[in-house]
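What follows are several structures.
Two complexes, one shared chain (subunit A), two partners (subunit B, subunit C).
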Partner chain A sequence: MTGSTERRFNHPMKKMPKLAVWKFTSCDGCQLSLLDCEDELLLLAEQIDIAYFMEASSRQIDGPYDLSIVEGSITTTDEAERIQQIRQQSQILITIGACASSGGIQALRNFADVKEFTSLIYAKPEYIATLKTSSAISDHVQVDFVLQGCPINKTQLLEVLSAYLNQRKPQIPAHSVCMECKLRGNICVMVAHGTPCMGPVTHAGCGAICPAYNRGCYGCFGPKENPNSASLSHWWQTELGSDKATLLENFRNMNAAAPAFATQSLKFIEADHEKK
Partner chain B sequence: MKARSATSFILPSDKLNSLIHSLQQAGYQVVGPVIVDQAIIYDQIKSADDLPQGWTDEQEAGRYRLKRRQDAAYFGFNVGPNSWKKYLQLPRRQVWQAHKTADGIEIEPVNAAITPLAFLGVRSCELHAIAIQDRVFLSGEYHNEDYKQRRQSIFTVAVNCTQAAATCFCTSMNTGPAVSLPCDLEITEIINDNEHYFLLRSGSEKGQLILQQLPVTPATSAHQQQEKTAINQAEKQMSVGPRVFDSSDLQALLYRNYENPLWSDIAQRCLSCANCTMVCPTCFCSSVEDTTDLSGDHAERWEQWDSCFTADFSYIHGGSVRPDTRSRYRQWMTHKLATWHEQFNTSGCVGCGRCIAWCPVGIDITEEIVRFQESDTP
Partner chain C sequence: MKKSKIIKVDYLARVEGEGALYIRYDEAGVDDVQLKIFEPPRFFEAFLRGRDYLEAPDITARICGICPVAYQMSAVHAIENALRITPANEIRELRRLLYCGEWIESHVLHIYMLHAPDFLGYDSAVAMAKDYPQIVQRGLQIKKIGNAIVSLIGGREIHPINVRVGGFYRAPTGSELQPLREELLKGRELAIASVHWVAKLPFPQFKRDAPFAYEFIALSHPDEYPMNEGRIISSTGLNINAQQYEEYFAEEHVSHSNALHSIIKGRKKDNDAYLVGPMARYNLNYERLSPLTKKVAEEIGFPRFCDNPFQSIIVRSLEVLYAFDEAIRIIDNYQRPEAPYLETQPTAATGYAVTEAPRGLLYHHYSMDDQGKISDAKIVAPTSQNQKTIENDLRYLIPHYMHLDEDKLRSMCEQAIRNYDPCISCATHFLKIHKEKKE
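What follows is the complex of A and B.
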């Protein structure tokens, strides 16, 4: 899904919709953002029946569910099956975080040989049953709303939930971090300090935290709509003198497998091979 | 340069605080240039010590650096990432809030208290930018009340530019470097071998009242000559180089070139990041966002700066009218330089150069204009 414009909730609404929160391959950080909502969590519990949320309670009510929130990426055959079952039981399915939206940091394996990794790390690599790639939930099932971020911003999560409960469009703009940067009054670290910054290709949502502390954005919210990674990295190389390591560490982190970033990082590798 | 009829006065540079204090005494909060995170922005000024004395800004496409000056000039730089619009059309503000009541909903407008502000160090291009925003928000049938309230209470201390940044092109847009629109006080900073002083002129009754309180002496014709020479220097800096072009026919030029392949070439470089519109002192677009809380009993409407570089900006039922960067950049440039004339009878560009310096990949509106002129077949 591209652009917040396409995303709108208009489902039939029940008195107490049933919510389930699911975990796949992930660090739990995004689910923690939900737990971190403390005060609002009580309000939420008045509006929604939290039927399945292992991180918060051992209570497990069977599906179907009105709303499923999914964290994590698909890295095993079991997970690939489980997400199908969850989709079948869920009227609306929302994914949260970089793992679910693009495969997460564990998608670095997509650029390498996973067998080699397992043989280096595990004493008995034959016990490891894992897929060659880590993939986004939307590669497997239809997703109704993608909330990006690593971790997600809890205010944005509450906005999505409020929008769901009130059957309206979530106010989650898909534009650049630069817009948040300027609205916040930050000084541009790229222009004024010469620091490489991913803000111009990165999805807004964090409130431009890194530039506010004089650091370049490293793209943890993943690509914005209509990103131009090629032009940005060209400028870094020609005007800021960025080396391959800088380019790779920015385009290959928690959103490495997002197409707009992956295509670009593969180009760096290709260019490097050509040089050799 | 316009004729200077009003009487000029001299204020020694070490008495600059008297101006700031008089404005404060008159009930204004003084805002002006200060250094934050290696850039000169506009913020609150308590005394002349807060000003970026002895600093200048070196600017190029996609690049801005502060440098030490050889002298102790207070206004020896040009424009930075901020413009005065941040005080007149707030980047973000709440418009109203609403509550569910027993018999419907109740809407309460949110009216923030407005502090009268004195803008210290408004450049000529910036006076033009404010005048352009005035046309947008205050003329015609619909007014922006919040803008109106804020605008009414400001005091402007304009500064003549005696140097230009490499990104400045006010001479091409006929908006500077000499102050050419009304302001409350007009000042010129003069530094030579043995003197450092300000030339002052009042431009309004409010300005006259402040001027009367300052420890000034009448200016001689020699002082006025020095002023002229200083402003000419800025003009001369802009008379050569890539940013000199004829702006008289831009409207027809752009309309003729709607399908020029140059737009696609720019789109290869443009990030559609919106920085150019955020820093532009005339860009006036905003969006309103309505949100509810979890219970749905409380709702809020917020207004914030928006940009034609986003997909949401041109969204109508079924999709975005400008889905790609090519159409977004074309909208931006054509609005600034062409359709703005039809809408508001003026150009939407004052030649301040902010969009050039603060574009993260250094896309230069003047360079692109010249490329259109060169590839144009009328």
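What follows is the complex of A and C.
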């Protein structure tokens, strides 16, 4: 976390701060995480005024808002305008989930061959309004805190909200999924079973569930800080016999457009072109 | 000349996703009804092309955060249909258990948090909790137990990670299921209380008589209330398998929506809509509900056939009770499968499946090559199938309630939409493939 974010969380607290939850292009799963806080939701509502949350309430209180939580990516010109208005009305803006953090799975369109999308050119006007790329909220406005995950972990969401209410920095570990495996006592699926695993380059937060269920991590929490993707890819190829397609599929899924993953996946494509 | 009135809702609350409503009517009746879906499309069918068949359950889950299990179930069954494999009975049961979890959490979210506030005149469940704290708490408790099933079997509540073509990555041990069983027993009692509570809500009268009666469509299975398997049947005698789905149903594009409308092929425009979801399942499969569920339905005097969509909240509550009963039965008979999944070899093939998502029929079809890469995918979500019926309901509803003031009438229209628990995020996953000439 940057120093400025820390300062932002250390803001003067109102008695009943106003919360808004916004949706952009997404599956609704991350905002559902808030409603999935079955034990905490009503308690939370006593400490923060849920002023705007369309999935949960028909009450719509106008801004400005003390805290905005944003789900989804920007895929239309309308959305690109709307996020500007929301930023202007929000003291603190937090993004939740892979769509908001990096464009989400719909950012696979960013890599598509233009030819594959020619059908769109002839579509009705509303489809022309769809942008060619799906982009992260931080590509459009300043974001004060990013909570990664597809979907986010609801305990981490509560931690962020609790940090906000208590004017402190959220305690969201920045290490890789590997560390969570150690904490959980998982046997390493890559070393012990030779299963390709994205754990070493993937941001913690899920609790290392995939290795706990005997499968390799597929990177749904997105890249950790400074991942060594090149080294992991080399290991997959030389030690585990993974092919390029498998690597590409793992670096290009729910966080395909996250810079660290996108850079690595483009290397596979470039390497293929060089061979040809 | 008669004066037209307009009902407009720019952004519907308490539904999943982004939709709006526009109705134009006058004393003579309704001119125009548009359930406008402005949520941007996400092109899932496009980017499934070229992906590995083993990725289909993880990718399609992302169509919907509310019902990811449904997408995973339709995906694995369609691919297994293509590969001509049938997982062991223990796998089949475990999948049913997982689906029970999703039916519970999705239905209870709708009953308590999205729909009940309409009946009692609140903006939200949080507002309702100020006057009905125990009731809202009960809803949250039931929902939590549904989530616990999905978490244990699937790895997490939203976008579970354990579902695999051929089975699961890991099958739980019998002893891991026992603490869950204790929770389910509590949940079942709460679910019974839930049915009794919703039965007493004030229901608007609404009936669509012939020739505008509903056409109900659901899966049907000889031995069980339908979830993952069965034939597609209708209240007018249709009886087909999943592979025939596209022969009988089509999707058409309407200008006001970013989601396609499903219709029954070969019908006249005013008679091609149909209804999927809890009411259709209940009406076509009442006999296969558990004895306890039928007993509780009788206790509240609820008929075997329900065609008032405002009462779908009762049907959902009965399905929640059934899901608890069924989940307990599955755990009591549980045998850990010998292998968590069947090993599969890709072959060039096409497969089809329909399963019962909480909101109704969910159709998937995949073609793949001999390397297991998907060459074609088609997905039809329940909300696409119900859209036309929702619009028709509004058309028939308004003439009966024109005496209400505008605010009340608008609220009633919104409630009528929520009767279907529409999931707009689901409905806009599609790829527009038909080229249309530019004007």
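Things to note:
We adopt the following convention: the second predicted complex is superposed on the first by the 254 of 276 C-alpha atoms of A that agree within 3 Å, B and C clash if a C-alpha of one lies under 4 Å from a C-alpha of the other, contacts with A are read in each partner's own complex, and residues count from 1 in each chain.
The criterion applied here is as follows: contacts are C-beta pairs under 8 Å (C-beta built on N, C-alpha and C of every residue); 3 or more make two chains touch, one makes a residue touch a chain.
Keep in mind it's a predicted model, so treat the numbers as computed, not measured.
When the two structures are aligned on the shared chain, A:Pro200 is found in touch with subunit B, with no touch to subunit C. By the document's definition of touching, of the two partners only subunit B reaches A:Glu239; subunit C does not.
In the superposition on chain A, A:Glu249 makes contact with subunit C only, not with subunit B.
In the superposition on chain A, contact of A:Asn214 is made with both subunit B and subunit C. Touch criterion met: A:Arg59 reaches subunit C, while subunit B stays clear of it.
Shared-chain residue A:Gln106: touches subunit C; no touch with subunit B.
By the touch criterion defined above, A:Thr75 lies against subunit C but remains apart from subunit B after alignment on the C-alpha atoms of chain A.
When the shared chain is aligned, subunit C comes close enough to touch A:Ser26, but subunit B does not.
Judged by the document's definition of touching, subunit A residues 214 lie at the interface with subunit B and also at the interface with subunit C. For subunit C in complex with subunit A, the touching residues are 11-18, 39-43, 46-47, 49, 51-52, 55, 58-59, 62-66, 68, 105, 109, 113-114, 117, 123-127, 129, 133, 136-137, 140-141, 143-144, 147, 155-159, 161-162, 164, 168-170, 253, 255, 258, 340, 373, 414, 423, 425, 431-433, 435-438.
By the touch criterion given at the top, residues 36-39, 41, 62-65, 81-82, 86, 91-92, 268-275, 278-279, 289-296, 304-305, 307, 309-312, 315, 319-320, 323-325, 357-362 of subunit B touch subunit A in their complex. By the touch criterion given at the top, residues 2-5, 40, 43-44, 46-47, 158-159, 161-163, 165-166, 168, 171, 173-176, 178-179, 182-183, 185-188, 190-194, 197, 199-201, 214, 225-228, 230-232, 234-235, 239 of subunit A touch subunit B in their complex. By the touch criterion given at the top, residues 23, 25-33, 35-36, 38-39, 41-42, 45, 50, 53-60, 75-76, 79, 104-106, 108-109, 112, 116-117, 119-120, 122-124, 126-127, 130, 150-151, 154, 206, 209-210, 212-215, 218, 220, 245-246, 249, 253-254 of subunit A touch subunit C in their complex.
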